[in-house]
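First chain written, first letter: the chains are A, B, C and D, and each begins at residue 1.
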């Protein structure tokens, strides 16, 4: 059950997926699509494990006061607030007591957590009392404030103003900026690593330099030859290199996948 | 642009600058931006997977009608199987039963690997092999211009280069003698190809930075000075200069600290 | 949707007719008068090959006025009916010079575009003149019905490839099990892994192991799992620390299991905690931001990147270089290999990543499959050489053996 | 540490700082850089430039808004060039998401043509371009191969009225314009497979002058058509657009982008060279010491 059943499952599902590739019939397609849904759904359930891990690590940092523990609070707030925004939306144009509820809920959960980990009995009491009180405030607002609502089964939350703002003005800017750091890193990597140390490094360097010079206007008549050389490098040796790597990777993937299905390679399963 | 939107834009400008500050060194602003985006993006994916994954892919299939009837009146009751597998993943929360989570994992990996075998064989091996068996353009062997891509000799170089590079990847034969010579030619081809890819990508990466400059320019700087905006008031410029002041203060502080350590060393 | 577009196009044609007719005489002279083009002939229809059914291939001979003759044919319209006498429903539209059309419908019974299998249909192809709605009707062909196939003959080359390769792998694994010594040439990146762990121990600094952005069902990630297993075992033996930030929760789950087992194997289960392998976020650049921060704060002695990497490869590797770590990388993502080569100390190129798991273990069983890979490569080289000769002598029957038709 | 070691072991933050300065400065200051012009772009320019006033150019914008950054600059450059030369333009799009994009392009080019300008030493008075007299926008229809064939017979078959709903017959500039025969040349700017239909169904069957503008990645695949004479010229990506702007002496989006690119590339090359000089010199010093 612990070891043999998983190996058998890998074998059965693996072989089925190989066979279905050659069977175009709609029954085979139906099972194929159903199995892909399994994968998606297992993945979604697993996210709970991920969020638990993130929370556990962050809470550990806060509790143990490890260096930079203050920033773990930022992560936890970001996570919590984003989930809250995703499940709530305004019913009209007014915010009502929306943010009061949010603050009450956040502080309520925080003080309950504080109370739970605190060792001193008197502080625990304060933590629990404050937490329950704040949660009560939250419940009251959530029930009696008509200007906003929770939506779990329909996706109003995705369109809610705060969810969009956090996405547009926090997530997107930071991520695109992270991406654009590549402009700098490609420059520093080129400076640091493109040294004509040996023949391989020289080939790498020369070919990169020619391609980088392909549209340089200050080269005069030589420029055209450089542009054509760059074009040739990109379409001839580059294609040859890619073809060889692709074939090699293809064989490597099939070999590894076969080993997994046949139970020869089981490193991914751990022990015991 | 309304003031509220500009407030958000200024915050975006702040986190953009905070992220860029990482290039200088790790600092509190970067730590803030980093931890914020980790939390927010994790929350974002919880919501996206809930609303766009779990609800349509599972709930709507299990409960077509009223949710409290659950899958009793569902048109696709067999979707209970992946739901059970998903729940089994949660046995990892328990020390005693965590081995049960291997079942869904085994299904997951079995499906993935089984899917990969024929697909990768077809796309990476068969199709590339077929593409390699191409006709060489003998009528235009020397090409019509300097290093002509469509010339016959280029076709031959592609073929020979690919074979040589493939020979480089042999694991069970030492790279010696003629075999070693061909393998060396193969790694040359690989390196030329890698260099060309690297050089080619530089342009796209610089564009990313230009795009960031444009964002800051168009949405943050210009709005602060856009008096034609009907909602314009002093608040816009106060916000703008506030962030600029923070930036300048940080730079000045860093320079002072640097000079101080220099003086102590010197 | 498509149906609507067709209708709107037909409406447009209807509107166009009077418009053209109203043109002044000089223009009207240049356009051929409403003359009926010759019809399409030899209309044939049969079930489409190698599919799930719900589709019929229609072919015909071009009208005598298509391209040649009066040259008036602009398009062909394909009509279908359940009886030879109609009513006919338009199913498709192709430009002139084309002599085939595949009538495809949905397999979903609820869809308005549902195309039933095993129902007899009749087809007609109209040659439609360019500047009038006048059309020449072809003979009706039928009956014909569609059905799903149980084997896709277009994919035979793939099946042969998979079978031969599977036999090779099993063969060499069996040989290896019997204890035959198999030679494998040294790979610089692999040897570096052991050195790197030693270095980390000496320096008293952790090792950062990044599994990439792949999911647990991608083979590159599975290969990386095996390597992680070896690394974690050594790390546990040497009392060094390993940090494994994860991008995917399932990858995290598997990695936790692997590292835990490695600590057990090394006899130090007490040193393991689930916080060694932790989840960050499922968003590419947020994940990169976090890993970058970890690198500069923990200053690992060695960074190992194995698995699927995308644009973040260079961001990670350059930050690692700032932190002064030794860096070892391996990916099968071709576009990222150049960046790893430039920025890392050792790089496993493509296939070498898959070989690495076998190398690190030095287990004969795993090495056997490397031998199978080499034979497959040799076979491919021979076939390619024969194939290119065949292609240049026009022996297409040889090259066509290798063509995959999807 | 001597100068060569310094050249070799420069802190990367100096690289970063130089790149920021170079990019920001060349973004802000609109100075001119020379652009090398290739034959395949010059032939497109010559084709448009030598047309007599009043001739009609068909400009097909067959790309998705996702490719705007790469393909919009060349569209603007060509449209403005045509309007300045007092040519008439028929716009059409065979991309589903195209109409809004074309509409915006027309408005922005019109704004630019309204200004007095001197290009290549010739003064062009600003003018108002008028819908129906200077240009017509036909709009979008699906089934691009059929549309291309249909326009070869009569524009009114696929497009009885223009994008704004005016019947083609009541548009002044379309009077007497029946099909490609009355159009001087066709320019297709695209990022997908529509271009193949323009070549085989359009140029192949109706034999008009065809010029192509496409993404930089695609361009290499279409040179065979240039050699065989089916295509007058090819503009690839931002670079091709910059060449066109260079020829028309009208610096726009492409040259702005290229200016930053050129200097950023030069800077990176400079750093690579510096590192290598430092490396070779310090190697030489070491060898000397060894002796």
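The rule is short, and it goes like this: a contact is a pair of C-beta atoms (placed from the backbone, for glycine too) under 8 Å apart; a residue touches a chain by one contact, two chains touch by 3 or more.
Source: prediction; values computed, not measured.
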A-C compared against C-D, more contacting pairs: A-C
Chain closest to the assembly centre - both centres taken as Cα means: B
Centre distance in Å when subunit A and subunit C are each reduced to the mean of their C-alpha atoms: 22
Mean-CA-position distance for subunit D and subunit C (Å): 32
Where subunit B and subunit C are represented by their mean Cα positions, the distance between them in whole Å: 18
Subunit A-subunit B separation of Cα centroids, rounded to whole Å: 10
Two or more partner chains touched - positions in subunit A: 18, 21-22, 39, 42-43, 46-51, 54, 68, 171, 174-176, 178-179, 181-184, 186, 188, 190, 192, 194, 204-205, 209, 212, 231, 234-235, 242, 245-249, 251, 253-254, 257-258, 260, 268-269, 272
Contacts with two or more other chains, residues of subunit D listed in rising order: 12, 16, 19, 23, 220, 261, 264-265, 268
Sites on subunit C at which at least two other chains make contact: 155, 158-159, 162, 165, 215-217, 219, 222, 250, 253-254, 280-283, 285-286, 289, 297, 337, 339, 341-342, 349-351, 355, 370, 373, 377, 380
Chain contact graph, described as a line, ring, star, complete graph or other shape: complete
Touching residues (chain side subunit D, partner subunit B) in the complex: 13, 16, 19, 23-24, 27, 69, 220, 223-224, 227, 257, 260-261, 264-265, 268
Contacting residues of subunit C [partner subunit B, same complex]: 155, 157-159, 161-162, 165, 182-185, 187, 215-219, 222, 250, 253-254, 280-283, 285-287, 289-290, 292-293, 296-297, 335, 337-339, 341-342, 349-352, 355, 370-371, 373-374, 377-378, 380-381, 383-385, 387-388, 390-392, 399, 402-404, 406
Residues of subunit A that touch subunit B when the two form their complex: 2, 5-7, 9-18, 21-22, 34-52, 54, 68, 71-72, 74-83, 85-87, 152-153, 155, 157-158, 163, 165-171, 173-184, 186, 190, 199-200, 203-212, 214, 225, 228-251, 253-254, 257-258, 260-261, 268-269, 272
Of subunit A, residues touching subunit C in the complex: 18, 21-29, 39, 42-43, 46-51, 53-54, 56-57, 60, 67-68, 171, 174-176, 178-179, 181-182, 185-186, 188-190, 192-194, 204, 242, 245-249, 251-260, 262, 264-265, 267-272
Of subunit C, residues touching subunit A in the complex: 50-54, 107, 148-152, 155, 158-159, 162, 165-166, 169-170, 173, 215-217, 219-220, 222-223, 225-226, 229, 246, 248-250, 252-254, 257-258, 260-261, 264-265, 274-275, 278-286, 288-289, 297, 311, 314-315, 317-319, 321, 332, 334, 337, 339, 341-343, 349-351, 353-355, 357, 365-366, 369-370, 372-373, 376-377, 380
